[in-house]
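Take a look at these structures.
First subunit A sits with subunit B, and in the next complex the same chain sits with subunit C.
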Partner chain A sequence: MGSFLDYFLGGIANGAVIALMALALVLVWRSTRVVNFAQVGQAMFTSFIALTAVNITGSWLIGLIVGIIAGGILGFIVHVLVMRPVRRADASGAIIATFGVLIALQSLAAMIWTAEPRAYPTPIEYAGLTIFGRVVPLTGYDVFVFIVMIVLVLFLTILLTKTKLGLSMRASAFNPEVARLSGVRVSRMLAIGWIIAGMVGAVAGVLIAPISSLSPNTFDIFLVFAFTAAVIGGLDSLVGAVAFGIGTGLILSLVTGYSDASNAPIVALILLALNLWFKPDGAFSHHKARSV
Partner chain B sequence: MKSFAIRTVAVSTIVGLMAVGTAGAANAADPGVTKTQITIGTTTPLTGPASPGYKDVSAGANAYFAYVNKSGGINGRSVNLVIKDDQYNPTTTITKTNELILNDKVFAIYGALGTANHLAVVDEINKQGIPDVFVNTGSNAFDNVQKYPYTFPYFPSYAVEAKVMAKYIQDTPDLASKKRCFFYQEGEFGENAGQGFASAGFTTWTAQASYLPTQIAQGFGAQVTRLKASGCELVVFFGVTSATGVLLRTAAALQFRPQWMVTSVGSEPTVLAGIVGSVPATRAAMTGMYTPSFLVPITDVGNPYVSQMKTVVEAAGLPWNFYTYYGANTAYVLSQALKAAGPNLTRKGLVKALQDNAKNFRSAAVVPFVITKSSHQGLTGYYMGQYDSAGAVVRLGKPNEIYVAGNAGGSLAKVATFKPAPPTKKLLP
Partner chain C sequence: MVKYVLPLTHPLLHVVDVSVTLSGLKILDNVSIGIPEGAVTGLIGPNGAGKTTVFNVISGFVQADSGQVRFDGTRLKHIKTHHLTSMGISRTLQGVGLFPSLTALDNVLLGGSAQVKSGIVADSLAMPWTDVEQRRLRERAYAVMEEMSILDVADRFPSELPYPVQKRVAMARALVSDPKVLLLDEPAGGIGAGDMADLARIIKSWVPNRTVLLVEHHMELVMDVCDLIWVLDAGTVIASGSPEQVRTDPAVLAAYLGEEED
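Entry: the complex of A and B
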């Protein structure tokens, strides 16, 4: 029973960072109708920029702020230089373009910062909390990540559903023609979508980096799990992304704990396949099935 | 496994077809050797996730060859090392090895890196009779004279390392009395080690856990929880260095403080220090960690091998770390083999030179180097080292005390003494 609690709490800690990355994927999808495989690359790149700022100033917070700004700028650059030119291509063209961006960013990061893994500091001590007299695999830092995640979801939900900007963004993504006829500046809305997603991705990156280390490829595996969580959650739903991000973390932790590490990714992929088979809309989606 | 088999078959076919076309031409002199130059080739990850550290191995070797070339070369010939980036991807290794053989017409393959990578090409290299010297992996799959007569490992195998660890644990009462656990990387790396322990009679572990290379980024919360809950007091770890860093960090966070014993490939001090950073609890976990090794400790700058190789490496503008050290060292050994093969250099001549003279080759290794007609083991053992509080590995035991074992057979490692010969004059072959 003690072990179960440990695997459970550790899984939630793991899941929170998966959820954060899934959030960024959902944001791009909701505001541009593109699945952005470059998201982990953007997050990695801005985390390096943030780490550089931390090393210069010695302040974790300044690193975060620099990272968020860089995330917004990078999102805008990706939109203007890559995504806007390919917008007339079909959906798969845009997705392949995001893969290109991912590879380009990884190579560029390796050229600038080298591929050696490096430590990223935490704002709170990375030490397991003591619950009922025993140390559990949930650190104060994990709780911090969890709180940031909840704040982000609330903020983004309000932004997208309760503000005029959010409505315009969703309209631009869902039906650009109609949105344009209604007076929405579609191109600007798409750009804003990329900027906000880039900023959320940057937060995710800065929060994930301390868990192991930062290198051009550290975040790759999060692409797989965040994508799984986002798709099962319905790609459209922020709450779905968070719920299934945490769910994925839990499953990975429990499978690794009770059976074998090598079974963990297989179980995650089986769940994804089952979901696409039985409920292609995604568990939290309100819309008709995506046609792929 | 299946995809690997298909790949191997596909490649063998392609390379085989190409070989048919060139077979007739290779009679007079062997490819890659002219009056003034010897061309050899290597495949290694220069980019991609596996490149940190590993990319320095071929660079270190090249630094040594440049040094030899400047000093007159080997039997009047300079050495030209062609380095191909395979990104640690076996499919790419196949392409790049074909390029080396067909375009660059290399005399020999040297220092090819990675177990799965080299397994994808080793059959073909041997079929074509190309010397395949000093494969950079601890897999014992390449120590097979019948199957791979042209392949010569250098690195002492993971199986030998496991037997050395087993012997050391058994002979150290403080370790033998501890509840011991095994944590390993999934795949051939961990399996080899597991077989080594099993053949030494170490089959009872209080707990075992494993990880996939892709899981390093997520931390080892679940694995450490299992080891801690099982009451492990000694954890033997077979994984890569970036994983060691994450393991120590996760364990420190969970206040899990067993005695650690980590494979030599999982404890490169420079990389480890970079990952561990300045976190005091994790740094503390590093202190006292056991790790076997087989070269003179890199921090022993008073040693003539270390000081001279450091000079050669740094003169080339490279960082001085275990990887550049290791690369320069095997390049030094190969240069001695090429010299021993004589001025009339042929592929068969190099193989004979290796088999006849390996025991006389000098190097920074402090364990015997065995290549004979009947064994291609390479280095045969390790000494036991331990991290001090400054993050350096200190050699343990009596002076020149080492542990040796064979790849095959079910015995524990044996304690031995081995005093390596000093380097040749100016470190030249």
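Entry: the complex of A and C
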């Protein structure tokens, strides 16, 4: 039986990973107003590609870079082959299409790499840090994940709010007609949204894989957690996704610690239900993001 | 005021025999409208006459079944909406269509999207050449905001501004790309008499440097600013000419009063 502090520290690392996946969901939502349930599938698939690169080169960093590039390409492919054709359908059509992509990617991954779970290496030793002479359940790797997340959030925030590209992406998502009249190439902005989300998802995948192991289905549970965090955060807020990603990680860690790990998904769904009941626009949303 | 003799010899923007059917309804039936360069042309008609559809065809939102749009003598094929501002055509929408999460200045800057060539890589690395273009666009944005007397609200969000001021922001966004042709869809909608007089003055100040096509319900404004007026009813052109000619045209009066002609 650990202490509250132990569970708390363990939760931060989990939360950072959930936050990263939630960020990818938010990026797709912001640029295309679609909740991308295939995001974990894309992350899983690109993590396999990254793992292949690691096995060939022996370098974790090259694996990450290959994974990010593959994530961007896969995001673009999903956008062009699946999402663009269904864009004219209603919103539920697009969401169902993302489920289709998830299942297709999982099946394809099982065919290529088999369903057997694989270990993914870490760049830093995965062992508890010693703080005040005591080994805590926070590893150097967890700290690394946290730092990567912070850097990524800062980069994305600047990209989306301080650059012309970000301005165009936000405009395209909010009102494509006005954006087009303003000279914005809306279809390109949608594609860029999917590419960036695919890249962020790939980073999340490569960082999750050492913790969860890598198989076609091991990321599924992160979809539940990330979706919860993204929705509670308001779906269009990067800060909200991060705050509630970490929050969800903490709560789940406490639930796991004090009861049982199998309760975590249920608690996540209860959080989601409570949020939809009391504050459907999300805690960090500036404006009405969804009409229920 | 210049008198335009119809048919126009060299209209800058020319809608030729355009027909549009939407959901089985004939919205436009062989509509031809010429817009002379350097003048204010009005497009009026009762509700549902097809005025906004004409705008939608010109701006590429709606595909015409037949007919064509010619700009500066060239036929526009497969009009891509995002190319309009680079071609020198700018449009405002009914209402304001401002982005609520962007400041007035950012909303205006967005209108110059096609004027700044930058990409994802250059943008994320904040390359110096994007800075030069951005600065030029920013200066231009400040200039048009001054022209529209909204410089003092540059950093405010649309929700903090009264409706007539929001409309000015929307108009500044259309102006920032320095368009040759402005398509204004009900610019006077929802604004009061004082702002209307300002609007008339502003529109008149644009010609002859710019060409304006105006869809508007407020007849006083239309009669005041337009050099040439086209009247649509039920998807066909029923009259055209100077404000005086149109004002006294029996077909126009009948259309507006909802009466059948004898």
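Operating definition for what follows: the second predicted complex is superposed on the first by the 284 of 292 C-alpha atoms of A that agree within 3 Å, B and C clash if a C-alpha of one lies under 4 Å from a C-alpha of the other, contacts with A are read in each partner's own complex, and residues count from 1 in each chain.
The definition used in the following text is that a contact is a pair of C-beta atoms (placed from the backbone, for glycine too) under 8 Å apart; a residue touches a chain by one contact, two chains touch by 3 or more.
All values reported here derive from a predicted model rather than from experimental measurement.
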item: Clash or fit, subunit B versus subunit C on superposed subunit A; value: fit
item: First (subunit B), second (subunit C), both or neither touched by A:His79; value: neither
item: Touching partner for A:Pro265 - first (subunit B), second (subunit C), both, neither; value: first
item: Subunit A as apex of subunit B and subunit C, Cα-centre angle in degrees (nearest 10); value: 140
item: First, second, both or neither for A:Gly10, with subunit B first and subunit C second; value: first
item: Comparison of subunit B and subunit C by subunit A residues contacted; value: B
item: Contacts of A:Thr139 with subunit B and subunit C, given as first, second, both or neither; value: first
item: Touched partner set for A:Thr163, first subunit B, second subunit C, both or neither; value: second
item: Touching partner for A:Arg185 - first (subunit B), second (subunit C), both, neither; value: second
item: First (subunit B), second (subunit C), both or neither touched by A:Arg33; value: neither
item: Overlay on shared chain A, then closest C-alpha pair between subunit B and subunit C (Å); value: 33
item: On subunit A, the residue positions that both subunit B and subunit C contact, one per complex; value: none
item: Residue ranges of subunit A touching subunit B (in the complex, touch as defined); value: 2-3, 6-7, 10-11, 13-14, 107, 110, 114-119, 121, 126-128, 135-137, 139, 208, 211-213, 215-222, 252-254, 256-257, 260-262, 264-265
item: Subunit A residues touching subunit C - in the complex, by the definition given at the top; value: 155, 159, 163-168, 170-171, 174-175, 177-186, 192, 286-287
item: Residues of subunit C that touch subunit A when the two form their complex; value: 59-61, 81-86, 90-91, 93, 97, 99-102, 106, 109-116, 118-120, 123-124, 126, 130, 134, 173-174, 177
item: Contact footprint of subunit A on subunit B as seen in their complex; value: 47-49, 51-53, 55, 186, 209-212, 214-219, 221-226, 229, 242, 245-246, 249-250, 252-255, 271, 274-279, 281
